[in-house]
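This report concerns only the one structure given below.
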Amino acid sequence: MKRRYRHLSAGAVSVALGAALWHVVRVRPTPSVSVASLVADALPASGVSHNVTAVLLNFRSYDTLLEVAVLLAAAVVALALRDEPSARSPAHVMYVALDAFVWRLAPLLVLVAAYLLWAGSTRPGGAFQAGSVLAGAAVLLRLSGLKVTAVDHRLASRGAMTFGLVMFLCVAIGTLLAGQALLEYPAKWAGALILLIEAALTISIGVVLYSLFDNAPQARVSDRESERQRER
Amino acid sequence: MSADRLYAYVGAVLVALALYAFLVHTHVLRRLLAFNVMGGGTFLILVGLAQDGRGPDPVPQALVLTGIVVAVSATALAIILLRRWFATSQTTSLPEDGSS
Amino acid sequence: MNTFATGSGWWLPLAVLGSSLVPALVIMLLSEQRQRTRTALNLSAALIKLSLVAYMTWSVARGNSYELRFGMLPGVDFVLRADAMAMLFAGLSAVLWLFTTIYAIGYLEGSPNRSRFFGFFSLCVASTMGIALAGNLVTFLVFYELLTLSTYPLVVHRGTPKALKAGRTYLRYTIGGGAVLLTGVALLSMIAGDVSFADTGALVNLIAQDSALLRVAFWLLIAGLGVKAALVPLHGWLPVAMVAPAPVSALLHAVAVVKAGAFGIVRVVYNVYGVETAQLLGLLFPLAVLASTTIVWGSMRALFQTEIKKRLAYSTVSQVSYIALGIALFGPWGTIGGLAHLLHQGLMKITLFFCAGNYAETLGIHDIDELDGAGRRMPATSVAFTIGAFGMIGVPPLAGFVSKWYLGLGALEAGMPWVLGVLVLSSLLNAAYFLPIVHRLWFRPQAGPWPDERSFGKHETSRWLLMPAVATAVFTVGAGVLANLPYSPLRWAMLVSVRVYTQ
Amino acid sequence: MIHLAFDGLLGLVLVATAAGAMFSRDLFRGVVLFVVFGLLMALAWTRLQAPDLALAEAAIGAGLTGALLLDAIGHLRRRRRSEPDDSSVSPDTSA
Amino acid sequence: MSAQSLLPWMLMVPLSWATLMVLLAQQRDAITRVVNVVGALVLVGLSVALYAGVAQEGLAVHALGGWSAPLGIALRADGLAATLVVLTAVVSSACGLYAMTSERAARTNGKSAPRYFWPLFWLLITALNGIWLAGDLFNLYVGLELLGLSAVGLVALGGSEASLSSALRYLMAALLGSLAYLLGVALMYAAYGTLALPELAELITREPMTQLAIALMTVGLCLKTALFPLHGWLPPAHGVALTPVSAMLSALVVKGSFYILFRLWFEVAPDVVTPLAAQGLGILGAGAVLWGGWQALRESSLKMLVAHSTVAQLGYLFIFFPLAVGTGATAAALATQGMLLHVVAHALAKSAMFLASGTLIASVGRGGVADLAGVGRHMPMSLFAFGLAGVSLMGLPPSGGFNAKWLLLQSALASGQWFWLLVLLGGGLLTAGYVFRVFRESFLESPDDAGQFTKTPRAYDLFALTLAAMSVALGLASRAPLRFMTNGLAVMAGVQ
């Protein structure tokens, strides 16, 4: 009875939302402001020639800074909830079939990542795409049973995770100390600084995204129980 | 009708469908699927409507890129919590909220 | 009017408040073992306060007034002001606090949680001072609620299930009353803005357009205040709260809680509405009826109590309403009677409670029928008790007689002769429930050993316990015999009553 | 016209895979469909002239999220002792 | 430094400290402690400087990257934002110091403290300051997500089964809420082509897409603010988290989404929202006040009781809407003042109450209200802090809570809406009921309880008492902070 009620009310809410959305998409007003044209006008001064990258790392770079912080928050929680080494089960053997394929694919993916990073300033691509490809390569290696370095509590791991943010912050605070607005790059250096940030972000995003996969708890139920008993 | 507008409609349908799924499922993974679909629909609406009749707009595209990264962070966080919780509780469905 | 306003002497009301607020905080932080420090703090604070209040009273009598004012929230000022009416209550509190402190130090010797007790005890007096000195309704409300909060830990002090249950009842009444009072104050503020207390009231200009709302606000205020003043049918908490330690009961009944309610009614009638405005709105007659009902009802119930403190409690219900009655009698005589009784009742009732506490602490006596022959064992205490009881009955020349005399005059002046009947009936009932106790004390032989006797050497009881009771008994006699001296309660009430009537 | 027809079809397939992903009885199949949905989204982004998003969606939306979900399912499946299958909802509407 | 140049530091400082704390996570206690204390001092100092700067110069705007809105993003600080920045610094510093003390106590007892608390702690502050100072709709979305994720992470750090399931529930609600908000952002961008709040405020008109956008954002934000009946996630999350985390969640985090809601309704879209919708929010708020209070009365665990109290107290914030939308200028101004004061007073009082409860529980060793018997004698200071905080929550004078309630009452009377008066009073009585329930248990004297209480660090009480005393002191001097907070708000335009 309760379930039916739940389904009915959920259905009603969803249908209402769908209808409302449908309606406003149909009668949408035309906005008077066009930020797109502002972007086009300011693009030459941004230090990059690809407009999406310009928005991400220059015009709205502050959004990106906070976004990196969001990623870091997730990574930190993952690290905090990571299994103790003793409780971790050995690497999977489930997807061994992928093995041969992966061995060839992984180096290729690293190359792709490098390309995407470099491409970002002039055409589609950039730190996020590059970083996620990097992470994807690591995940594939891991799934194929290979021992990829764990992203654990070591300083090296934490350093790699925060590398991008540290670089980003250095630039940000540097601009402030130079008397500029936050993340207001000097015109001459804009391109270089953006590339610097992106390169650092690529590594960190790759490491963080992989860590989110790698640090997902593996512990067996029985392990956890024995662990708890040990604690007592 | 432009392609942009069409994808906005698709986004609207996806959002509605995913909202229903989110509300009726209790299994956390299913809710995460619904969350990601809903995100996709929202992104389609954001880009589709903004570009409708005005050509490509880098601003919403950049926003969606941010949104995608945020979504994967949230999904990963949820999965980690779920797996840790599952290890002790043996369930994957959340206790009833009484709210949703 | 955002910053400190008004001329010199603004710090005096603040100092009076601080003289118990600061010790309250210090005492609470003191460790339980620092008994000497605590006692020294308590007594010196009480003495400092007494001298400050004495100075201010003297100065106010010469026509000065002190005011402290600052912006508390938009549209509302925090005002402390020492006017004649304020000093009436402040003086009473300062005097009785000194005695109660002495008494409490003796009473609680060796019992646990004394830091907490004396901390809240001081906070309670700070609230009382705040109530006395509040210069507008909102400030009054602030301290009125603070009083509720600071008395709760005192009521439940013993921590027994019975005490906690009494505390719960106490809270139900007072917090509920507080909410009603808040509504009334809020309503009045909406009608009239930030209402400062003025000698002849502040609302006379509003009678024409807002009379209905003014009436509603009045009864909300009276209902809120009536809880603490124990007006029937809002008196239920008072007898239950008897489980508290004796000094707390004394404080509750004579100075702090019931008096705060009564004083609030005084403020509302005289300084918010103005007694003439209240008369015009037809508010006084119902108030007189309410007060009379309470007087008779309380006395009737007292008659049937077998516990000493319970009987005293119902007696309080009855006696405090003399104050409300006096206020409701339009005309200076009634005012004088009511205000004088505010002071007289405090002196007499605190004497009675001190004595009741002495019987309980020294001999373990709680019930009336255990008192047989106690006069011989504890003569000084029993003399004090007898004075208090006779005062309550209204035997001349004691304090109670003076109040009743002026109340009677007021009743005639206000054209309500039936009130005389109430007074006579009440006095008869007073006699009926007090005389048997006095009889047992002096004229019945001791029946068996005392329930739980403690020895204090050659003294009948601890000096800390005896001295306050005797002192307040002396005051009770003095207030009656020397009623015409300057600064006597009666003269002060006369001083105030001159100011609250325009003609 | 051909473009619009393609877009329309892609839209339908998107909705269908999404529904399949969310409502299929079998969670594993749901996640596989979700990966398909992600790839189709990437296609949609190219149609919306957003190649950056296409790349990101393919790598993150479909790739990483898919991997995370699949791994989680594998984990939960293997660890669960008695499987009270969570076949909670509605008919299977996969494409 | 001018207020304008201070603005970005309010984010850079906590974000840098978050990064630093990730890097220092394995370091010895002493080092992290020193770094954290320095961070808290810097944060408080800068916040106060910002407050002073805004008080002197008025609205401060910082165009990030040197690009003015709508192309770029701006940080904006008016009196309200500056006040909240200070509030955040003060409350989180107290909670942080409390956490430090408890870490130290745990180490001395040979127990381990949760790792990675500090990065999340500083990220939470980053998110909060980001939200108070934001001038852009989408930026607010990222801020909300950062807030949600770090808050969920902090809840999960408890590590117990209960804290994990609560964190998951919290996360689900937070995700759904921010998606609804994001959908609204998408529609707003489609309708106006900009995301900058001041531009939107000028352009906005009442048409279907805007109305749907506002409605979606409102629902999403209400879910994140745990408005009844969407509050189910809050009590478990706030109730099971580590004590300082609970305090920050109840005091600050839920206010983040409410703050956005307020800005949206009264700064961006005052002509789009309707009195009917406001009445709806008010009724739900009333439901929260009564239901939350009732749940708190029946709750058997102390921290859960305090968490239910948060649900009830958040209800008061929503009673503000019907008093301020579609009523006269005076009523709206009074209601705004009351609501803002309540935000501040509740933040101080509730954090104090959580800290005090945590100390009591640490002393007793169990978390039930009934387990408190006899604690009154052993933990008088904690109980006193709890009581002071309770005074403000009950709305008894003198306290910030009373002043807030007074202003709301005046607004209800001025707008002739008597119904809300009853809710406000009833809520106060319920609050008194559950606060004194705790006292009743604590004052109970049992004969043989001397040995069962653990000694707790004295510093615990200091933090709780400080916060509680501030919430009370606010009651004596509300006028100046209120004038500062409301300065320049559109809803006050008719009065000042």
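Order as written gives the chain letters A, B, C, D and E; numbering starts at 1 within each chain.
We take it that contacts are C-beta pairs under 8 Å (C-beta built on N, C-alpha and C of every residue); 3 or more make two chains touch, one makes a residue touch a chain.
Fair warning: this is a prediction, and the values are worked out from it, not measured in the lab.
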| item | value |
| --- | --- |
| Touching subunit B and also subunit D, the following chains | A |
| Intersection of contact partners for subunit C and subunit D | none |
| Between subunit A and subunit E, the fewest steps along chains that touch one another | 1 |
| Core chain by centroid distance, with centroids computed from Cα atoms only | E |
| From subunit E, the most remote chain by mean C-alpha position | C |
| Chain whose mean Cα position lies farthest from subunit B | C |
| Inter-chain centre distance, subunit B versus subunit E - centres from mean C-alpha coordinates, in Å | 27 |
| Geometric centre distance via CA averages, subunit B-subunit A, whole Å | 16 |
| Chain centre separation in whole Å, for subunit D relative to subunit A (CA means) | 20 |
| Centre distance in Å when subunit D and subunit E are each reduced to the mean of their C-alpha atoms | 38 |
| Contacts with two or more other chains, residues of subunit E listed in rising order | 138, 142, 145, 149, 152-153, 156, 183, 187, 190, 193 |
| For subunit C, residues contacting two or more additional chains | none |
| Set of subunit D residues in contact with two or more other chains | 50, 52, 56, 60, 64, 68, 72, 75, 79, 81 |
| Touching pairs - complete list by chain label | A-B, A-D, A-E, B-D, B-E, C-E |
| Touching residues on subunit A, where the partner in the complex is subunit B | 6-7, 9-11, 13-15, 17-18, 21-22, 25, 28, 30, 34-36, 39, 51-52, 54-56, 60, 63-64, 67, 70-71, 73-74, 77-78, 81, 128, 205, 209, 212-213, 215-221, 224 |
| Footprint of subunit D on subunit A - complex, ascending | 52, 92, 94, 116, 123-126, 128-129, 132-133, 135-136, 139, 143, 209, 212-213, 216, 218, 220-221 |
| Partner subunit A, residues of subunit B touching it in the complex | 5, 8-9, 11-13, 15-17, 19-20, 23-24, 45, 49, 52-59, 61-63, 65-66, 68-70, 72-74, 76-77, 79-81, 83-84, 87-88, 90 |
| Interfacial residue positions of subunit B with respect to subunit E in the complex | 15, 22, 28, 31, 35, 38-39, 42-43, 45-46, 49-50, 52, 59-60, 63, 66-67, 70, 73-74, 77-78, 81-82, 84-85, 88-89, 94-95, 97-100 |
| Subunit B-facing residues of subunit E, complex | 138, 142, 145, 148-149, 152-153, 156, 161, 164-165, 167-169, 171-173, 175-176, 179, 182-183, 185-187, 189-190, 193, 229-233 |
